[in-house]
Structures are given as structure tokens and as C-alpha cells.
Amino acid sequence: MVEAFSLRDFEELARARMDPAQFAYYAAGNADEVTLRENEAAFARRRLRPRVLVDVSALDTSTTLLGQAVAYPFGIAPTGQQGFAHEEGECATARAAGAAGIMFCASTSSTRTLEEIAESCRGPAWFQLYTQDNTGPRTEALVKRAVGAGYQAIVLTVDLAMSGRRDREWRAGFDPSMFRPGNFPEPHADDVPLRFTWRDLAWLRSVAGLPIVLKGIMTAEDAKLAVEHGADAVWVSNHGGRQLDRSLASIDALGEVVDAVAGRAEVYMDGGVRRGGDVITALALGARAVFIGRPVLYALASGGEAGVTRAIHLLADEVRYVMALLGTPRPWDITRTHVV
Amino acid sequence: MVEAFSLRDFEELARARMDPAQFAYYAAGNADEVTLRENEAAFARRRLRPRVLVDVSALDTSTTLLGQAVAYPFGIAPTGQQGFAHEEGECATARAAGAAGIMFCASTSSTRTLEEIAESCRGPAWFQLYTQDNTGPRTEALVKRAVGAGYQAIVLTVDLAMSGRRDREWRAGFDPSMFRPGNFPEPHADDVPLRFTWRDLAWLRSVAGLPIVLKGIMTAEDAKLAVEHGADAVWVSNHGGRQLDRSLASIDALGEVVDAVAGRAEVYMDGGVRRGGDVITALALGARAVFIGRPVLYALASGGEAGVTRAIHLLADEVRYVMALLGTPRPWDITRTHVV
Amino acid sequence: MVEAFSLRDFEELARARMDPAQFAYYAAGNADEVTLRENEAAFARRRLRPRVLVDVSALDTSTTLLGQAVAYPFGIAPTGQQGFAHEEGECATARAAGAAGIMFCASTSSTRTLEEIAESCRGPAWFQLYTQDNTGPRTEALVKRAVGAGYQAIVLTVDLAMSGRRDREWRAGFDPSMFRPGNFPEPHADDVPLRFTWRDLAWLRSVAGLPIVLKGIMTAEDAKLAVEHGADAVWVSNHGGRQLDRSLASIDALGEVVDAVAGRAEVYMDGGVRRGGDVITALALGARAVFIGRPVLYALASGGEAGVTRAIHLLADEVRYVMALLGTPRPWDITRTHVV
Amino acid sequence: MVEAFSLRDFEELARARMDPAQFAYYAAGNADEVTLRENEAAFARRRLRPRVLVDVSALDTSTTLLGQAVAYPFGIAPTGQQGFAHEEGECATARAAGAAGIMFCASTSSTRTLEEIAESCRGPAWFQLYTQDNTGPRTEALVKRAVGAGYQAIVLTVDLAMSGRRDREWRAGFDPSMFRPGNFPEPHADDVPLRFTWRDLAWLRSVAGLPIVLKGIMTAEDAKLAVEHGADAVWVSNHGGRQLDRSLASIDALGEVVDAVAGRAEVYMDGGVRRGGDVITALALGARAVFIGRPVLYALASGGEAGVTRAIHLLADEVRYVMALLGTPRPWDITRTHVV
């Protein structure tokens, strides 16, 4: 059994089990890793305002995401290369998520095929898309596979105009040849310069015929553009600090995005969520759900599906606990008055 | 003799003498222990404004709490399981408090019976109540025992909608079977879901016939509700950081509670008080008294009754000293102008 | 020769030479020593605004204090028991100060007699007074001795309503019997409770017939009272953090005192001055001069008179340097526009 | 090959290769080195606001400085005594800069002659001037040599009213006799007091007949004076923390200078630039370019010309990366909206 008492504990368990270079690939952030650290630190600076003598005996954590029922207001963020952590890779994670009734996001960069992952997951699942050749045939084929496999939304990652630069990976000797592109058995031709822009969203929507989530929005300006271009949800993320160092912590960018969206789309966030109190803080600031990245990878490395299940249960228990102590029996009872 | 020059020193003395798991039970806070640390750190950020050339030769620290005379504006907070620290447990602490003329609060979760404790204490004493079965017979019996034993007020703890989750206890191997429920010789039936709410306060007041203190109020909203529901005193507390991590430090929540109460009830606080300057800071911000938790447990572990007496005298000397240097010979001379 | 490149360096030199308990007596602050640390840290948070292309070839640091000419806007604060540092004690310090043309303050608590010290000092000198029996004969005798010895002002310390409590001294085993009261060969009768108040200042002024400086003022309120009671100068000080921990850093209290005094008296400060930049920061915020405490003691321990001379020269060079880089050739050119 | 993944890495490489006293000369700052550390720390506190779904496939970093084309909005700051780092000294650095197409600034205090350096540099180059005898013949001769060698602007350093005081150098035993004054084969007569002031700028302009850049401006007041006296560019700098400790970090002074200049001159800055994100932050706050000091010295020590080339390429790649992730394909697309 995994010896972890909180999500934070999985990191050291994973470090002890994993190849150092592959661990570095998971752990690294861009440049000086300021944003990587800030994602957690910014949560620790927020304060919660507990309310007392409220009947919370009927506490219920369930909610919906784009209309789909989920057991908790947190889900599994799309993270790539889960095969580095465990031989079953994304399939193990998807089984754990499905069993717990939480949202699972499969990554374009998975080590298993998106079809295998969809089959493993018995619960709600979305497909995270990296465009391949802008609006070209390779992107289209990938989207159609996701639709065919039954994913219920497309999560388009928008913060990868250039591939991440991460000193820590370089120092650890991480070698891109280690990548196992589960979804692409045949090697690509050389890279197509990315020029996918706002006006291409209509194309994506028409190809997918599914709700579109834009992941990687960090400003009010882009949040407004997202809504104007028909995004069904806006996902505040700095890619776990992996893309642009010195971005705001996600939780610090959430407020302006929520205000700009003004209820016209759902808002999610990821980045630094390690505790039940983090989940509730994000909800208080207007997120409908949060997503968990690295801790899930580390839990997978620590104990495969059982490790991920343990991580989900730990966080679920903490979420229930914080809701009880805030006197908020349902997710929608949590409001801005509950944080300082 | 105990080698302690300030309240802080008892912690290491206790750590050296106690069972590590039981020490962890005393020392732990919820989750990342942010609030545990903040309770002390927030005092250290406050600044005092000394006034000079005032005659303080007639300095007098005494005051009243709900009408009862006490020698100092600090008392002993209700903390459970004092038998972990010393075989005489709460009885030793109560004797030291009584001898010093300060308020003692007996906990529902004591290792000695509330009747034994009341007998040991020759000074003012209150009973801290954890409701057992909401407004059921077990709660009622407990309250009636407290009344019968002569306690002069009921301190109802309101921040325990769910039992505390404390990683540090788990890591240290603390085992709930170590608990020694002095007040409950017979084991309970299984837990009753807690749903004691504001409207049940009237019931408690009628059963007890004593002043009611609400312990665990952290917001202006709840402070107002407390007054409206007839609380005689409001006690600002985050349970020493043991319940909801990322609550405000108690001293940082005090101001909004004092403003909301607006003189309609007495206000107390606990959490992080280690120095005479802390006591005076709380008084300056509107508390009538503060209560001391862990340092008393550690002093008890360090030297039994004599240890607690030493702790009380150290803090008392510091309180007198700070009052002299602020030019405030009586507790009510201390005002908001004395802090920044 | 003393191996010191800045005032900070003398501390370790002194620590290596001195009796640990006596060193602790010099080094200690009240309680948690927050203010002791803050005195320096608050300077480090201030920022200077250099001005360029100004002709500073005629830079001149001299100024006057209560009409007396001094070579630099910094002087030697009154510190007691200099015999702990060096056998020549205050006489060595006074010689160094006199030779450098800076103000020297002799302490009531000196190890040498105030008459010996006055004789050693060839420059401007003030006498720091601790009242002995309020306005009684022992205080009067002391003041008259100071006048007779030629001191040119009385610096009345007003922040000692109670003797300092310093854990660090206790831990180090400092024993009050180590004190060498140079000014009081015969032991006192037991302590008289101090009740020297604002209205007693007129008595002091009439006995002394000298300008009165009030040392230990930390608030606008007391600064106003000082001026209203005829103080010639107000000296912002928290007694080097030795009296009331969690007082503001001296430099942080200076502003409100300067504003309250409004030019009706000279304003000085001590506490945390270690660098030329500190001196200039205090001048920019309205002090006419600053005074140096512990670094002088440490310099004295490091090398007797030569050590103190070295300390003075180091600080003097830094003061000149900062004035040159601020483009302020005279002390009065330094204004609030030079700090942020 | 040099093992460096970011500019920061060169420092340790250099420390391992250089004479400790000469390394200290490079590394040291004035006094407590607060400003030295702040220059970097202040960048780390700024936050960038990434914009997404912008076509950045035509990203172009080139710009102009006083009309000269440069490949990147960063250049090589004038730093002295490059012979301490590598036998080829400034010539190696100049070759690397020229090959990369970035601006190179030759220092008056070079170990090679300004003529040799000019010959080595195949790209844009400016000459940094320390006045020697105010507006006397030695200054004039130096300026005329710079003009003759083909430098395209004079960068007048204005923050050296007195030579820097740096404890770290003294502790490391740095000896001024180690200086190798490449531009002055014959020793000077003794120092002339500096009194070069604003009104002397007209003289310099007439002698040089080149654009004048004022380096070392840290306030709005001096920025205005600079423009009023005809400066073509204002260079915000605290001399890498080497002159006045507790100056603002350069990036924190930039805003007020940009506002004061109000477009009437170009604005540059140096101090603490270590990452692409730093370059872009400075541009967002109104700088047209930034300059790099110590990292270039350390890169030179690490690997001569190849080391400097590696440093330039690392920073260039980071600049391109940050521009891509901000959605700003050209330098002038970067505005105040991109930073918080």
C-alpha cells in the first residue's frame, strides 16, 4: 500500500521509483521555476473563512461539468507520458478516475492510444488536443479519433506556441527520444510552424461537434475572446509552470478570468492544487472545478491504479472536510465570502 | 526545576519527555499547518507603541470575565488528554491555575473526570462542551454534570463539524485507541452525525442555566449571529490550527469579530499566544482575555503542577512588564492606539 | 590592527574576545528579539534615490547638535558597562569620539566615573541620565555632578519604566552582580518605584540648567508632549530592542515623530545604524543625527580606543560616500526626496 | 564546450576558473549588496501575462538602437578588466557580440585598447566614458580616440562621483595594483576631483560629435534633466549594485524614468538581467533594450569567445521563446499590458 497521507507525499515516493531523467520531465518547470513554485505558494497565502453551527450532515460534493455528472469538483488534468510512471500508463489512471466518478482528461501526448484509454475509463472523459498541423489533416484525424472513441469534449491547449524550455530536464539528461507517442505510431514529417489562431476555433468546433474547452487562458482579455469565439469553457492554466515562467500563479489569474467570463462559460483551473483547501479556494473564487496534474503522475508511479485511487480518496476526504468546516454542504454554497 | 525562560521553551522540554505519538497529538495542526504557524507569526508582525513618563507604580493586571474576578487577562484554554503529559493530568493544571487566580477551562475530552478537576481547582472555572448527540440525552447529562460540579459557564466549541484531520499525527503513528475519555467510562454507541445549529443554543442555555461562551468564531457574520442568539461571550479561535488549515490567524480575525460584536458580549481569543506582548496585543485589538493552550500542556509535561505554575508566572511577569512599558497601568487602558 | 571592513564586522571580533555572559548582556534584546532584528532590517527595506552630475567636490559632513559643532551627523550612543569590553572602558571610547570630533554620550551606567569620562573626552559630550529616586536627592546629586563635569546636555532616558527582561542574558548565565557601577561606589538602598512623569521635567530642567534631550520617544503623541514640556531634542529609540520587543523599528517610528515635532526641537534616532546608508536614510527622514550603540561596544572590545577610532572612520567614510552618490554635499541637502 | 543551460550557470563556471580576488572584483557590490541581490529579485517578483492563439510564426527580434540595427533588444554592457576573465579580454567578447549582431559597449576601463576592441567587433559598438579630468585634455583625448576608432555613440557613466566601496573585494584581498588599464599605458598624475556636471554635457557633445547616452540615471528628476540637456538616450543603471547600495533595483526605477522621458529619448537599462523573461519585462516597462554585465564576464571566463557566444545564444533563444508565448511577434508589440 502507498504510504501517503496527502497528495504532497506522492512526489518523494515517485522520485524513489522513477528514472531520474523521466522524473525530471514530470517535475520541471520553465526557466527559474518561479511559477512552478508560485502555483502552490499562492494557495498558501489565501485564507479561508469558516462558518459554524450549520447543519452539514447532508454534505454532497457532486456537481456537473458541461452537463456531465461528476462526483467531485476536481478531475484529472491531461498529462503526457504516463508510461514513464507505470507500465499501464494512462489506462491505470483512467480506471481509477472512472471508478471514483471524476472527470478524466486524456492527453494527445499519452503513451497509450486514446482508444485504449477511453476503453479503460468507465466515467466521464475529455480529450486534450495539441494541434498537429494547424487545421490540416493530421489535426483533423486526431479529433475524429477522439470523437469516435467517445470523449465528450475537446480540451484545446492554447499555451504551446513554442515547445517548453526546461533547464531541469536538460540538467537531468532527459532525452526527447525517450518520448513514447502512443497516439502516433508513425513518425511525423518535420514540424509545421504553429499558426492556429482564434479564427480557427470555428473549424475545430465543426470538425469535433463537441463542446470546446480552451486550456491555458491566463488573462481577462483572452477569456473574453474565448467566450466571443464560442468556447464552452475556459480553463485557467499556466501549464503547471512548464511553459512561461513568471506567469501569474493560476489561482491568482483566476479572478480576472472569472470576472471577464461573467457566467457565459464554465471556468476551470489547474496548477498547484494539492489540498482540499486548494480545491475549495478555487471554487470560492469562481472555478467550477479544478484539475490535478503532477500529484496524479506521482501517485501512478507510486502504486499504479491503486496509487491514483489513494490520491483521489485523500483529496476527496479533504474536500468533504473543508466543506463541512466552511458550513457549505454543496459546491454552489461556496462563495467569495469564504476566502480572504 | 523547569529550565524555561519563556513559554516557548516548554515545547522542547515536553518533546524530550513525552511519547512521540502523544506529543504529535498535542503539536499537530490540520493539513500543511499553515494556520498553526500563522497563529504565532501574525503576532510577530504586529507592532506595539510604547508610551513614556506615565506613573505605572500602581500597575494592576486584574480584571473580570463574565463577572468573575481573575488575576490576569489570560487563562487556561480547554485542551484535551492532559494525561498524556503528566499522570495527574488536568488536576495538576487546575491546581496551578486556581492558585494563580486565573481562569481554568476544563475540556470535555479530559483524562480526569470533570468532577475531579472542579475539586482540584480553587479558582474560577468553566466547562468546555463538545455536544455528544446534538440536543440528546448524552449532551444533556454532560451539561448537568458540569453545572453540578460548579463550573460557572459553558464554553461551547463550534468549530468541530467534522473531526480534525492531522497528517502529523498519522505520520507519528498516533492511535485513537490511546485516548483516555475521563468523562465517559462507558464506550459510546457509534457516532451521531452532528447537526447542532444556531437554533439549538436556546436549548443549551435552558439546560445549563449558565452563561454561554461560543468558542471557534472566526468571522464577523458568525459573531453577529452569536450575539443575536444570546451568547454571553464570543471566543475567537481556529482550534490552534487543528481544524481548518488556512483559517486566518486568530489575532487577524479578532478585529472583525470585535467590530461585529460591538460591545454586546465579551470577546476572548486563543491561538499563538506565547508572550506578554501577545496578550497585550489581543487586548489592544479588543479582546477582554486570551487563553493559552499548547504551552500549558508542554509545561505540564515538563514539570507537572510546578511546570504549569512556572509557565503562568513567566507570562504574568511579561504581561506586567509590557503594561509598564506601554504606560497602561490597568487592562482597560490598553487601546487600539497601542498597536500598529 | 582590527580586521573590520564595516561596522558589522566588529560583532564577531568582540564575540571571540569577550566573556560569553557579558557579550550576551551587550547583544541581547527583549523577548523574541523581533525589534532587535527589525532595527537593522527596516533600514535594509528602505531605498535611496541617487542624483547625478552634481558637483560634490566640496563635500562637508559637519553639522551642529543643540548648537555644538560636530564633524559628522552621527555620535556615540550612551551604552553602559563598557568595562566589559575593555579595561579602559568609557574613557577609551570618549577619547576616540573626541579625537574624531563627534558627539559622545556618557551613560549613568558607566563602569568609569562620569568625571573620568568627561576628562578623557576632548570633544562635545552629553550625559545620559537614569533617574535614581525620581526627583529625590540621589537623582539631583547625579545631575549636578554631570553639570560640574562639563557635560553640555542631559539625555534623559524615558523608556525604562521597568528594567529590561532579556531571555538571552538569562540563558547565557549573565549575573547582575557582574555590574560595575562606576558612578555609584556605595550600594543603593533598595529600589524606589519609578514614577517620574511629564510634570517632573520642569524640575530636571531647573536642576540641570542644561538643554534636555528625551531619549526613548517612539510615538507622535509622546513627541508632542515632549515639545510641549520644553524638550530641546527628541531622540527616537527603542533602546536597541532591549526594552519593549515588537516596538517599531526606530527608523519606522522616526517619520511620525518628525512630523509631530514639526521643527520645534531637534530629532535624533538610534537603533540598527550600521552603514553610511543608514545614517543618510535617517537624515532624509528628518533626523538631525543618529547615534551608534552596539557597534561601538564591539569595536571597543576588538581593539580599545583604536578599535573605536577604526569604527568611526569606517562609518565616516561611508557617510561621505553616500552623500557624494546622492549628490548632497551638505547634511541639509538630504531630504525626503532621497528615500523611497 | 561550456556546460551552461542559462546565463546563471556561468557564474559557478567562472568562479572555478578565476583568481578568487579577481572574481570578487567582478562579483562584488557596495556595502551589504542589497541592491546587487535586488536587481535580480525584483525581476522575479514581476509577473508576465501570456496571450494565446496569436500567429507568431513570423517572430522577429530585431530592433534599432539610436538608429543602428541590432539583432536583439539586448546588448553587452560596458564592464571593465575583462582580461581577468580571459587573456583575449574585450576582444573576444567584441567578436562574439559582433557575430551575433548585438550592440557591444567598450569600457574606458578595458584591459585591451579601445582601438583593438573596435577592430575585433564587426557589429555596432559604443564607447563607455569615464571622465578623467572633467572637461580637461585627458578626457578630450580619450573621446577623440573613441571617435577615431569608429564607435557610434558615447555612453557617459554618471554614477561614479566617488569610486565604489566594496567590502567583498577587500575581504578577498583584491589589490588595485591588479588593474590593467589598457587605454592608459602611462600612469596618471594624482586624481582630479570630479566635478563634471550637467552643464558640461554640451562640451562633451561638441567634442564627440556623436549621440550621447547617459548611463546611471535612477530618478525621474535626473531623467528629465538628461532630456533637457540633450541626451539621446537614458540608461537606467545602478552600476550592477557596485556604487550605491540600497538604490532601487534597476527594473523598479525604470518606470519613473520612462514616464519622465516621455518618448523624448531612448531608454535602456541594465542590472539583474539573467533570463529572456527579464529582457521582455524591461521592454514591457518601456526600455528599448537591456544590457548584460556580469553574465558576459563569467561566460568569457568559462570559455572565451565561445563562452560569450553560448551566453548570447541562450539568452536569444529565451527571448524568442517568451515573445512567442506572450503572443508578441515584434519587440514593439510588447507593452505594459504584458506585465503585472
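In order of appearance the chains are A, B, C and D, and numbering begins at 1 in each one.
Just so it is clear, a contact is a pair of C-beta atoms (placed from the backbone, for glycine too) under 8 Å apart; a residue touches a chain by one contact, two chains touch by 3 or more.
Remember, predicted model here, so these are calculated numbers, not experimental data.
Touch-path distance (fewest steps) from chain B to chain D is 2.
Homomeric contact chain C/chain D is classed as different-residue, with under half of its interface positions used by both copies.
Relative to chain D, the chain whose mean Cα position lies farthest away is B. Chain B and chain C have Cα centroids lying 42 Å from one another.
Within chain B, no positions touching two or more other chains are listed.
With chains as nodes and touching pairs as edges, the resulting graph is a single ring in which every chain has exactly two contacts. Per the touch definition, chain D reaches chain A in the complex via residues 5-6, 8, 44, 46-57, 275-277, 281, 317-318, 320-322, 324-327, 337, 340. Chain contact summary for the complex, chain D toward chain C: residues 31-32, 34, 158-159, 161-162, 165, 167, 170-171, 193-198, 200-201, 214, 216-219, 221-222, 225, 238, 243-248, 252.
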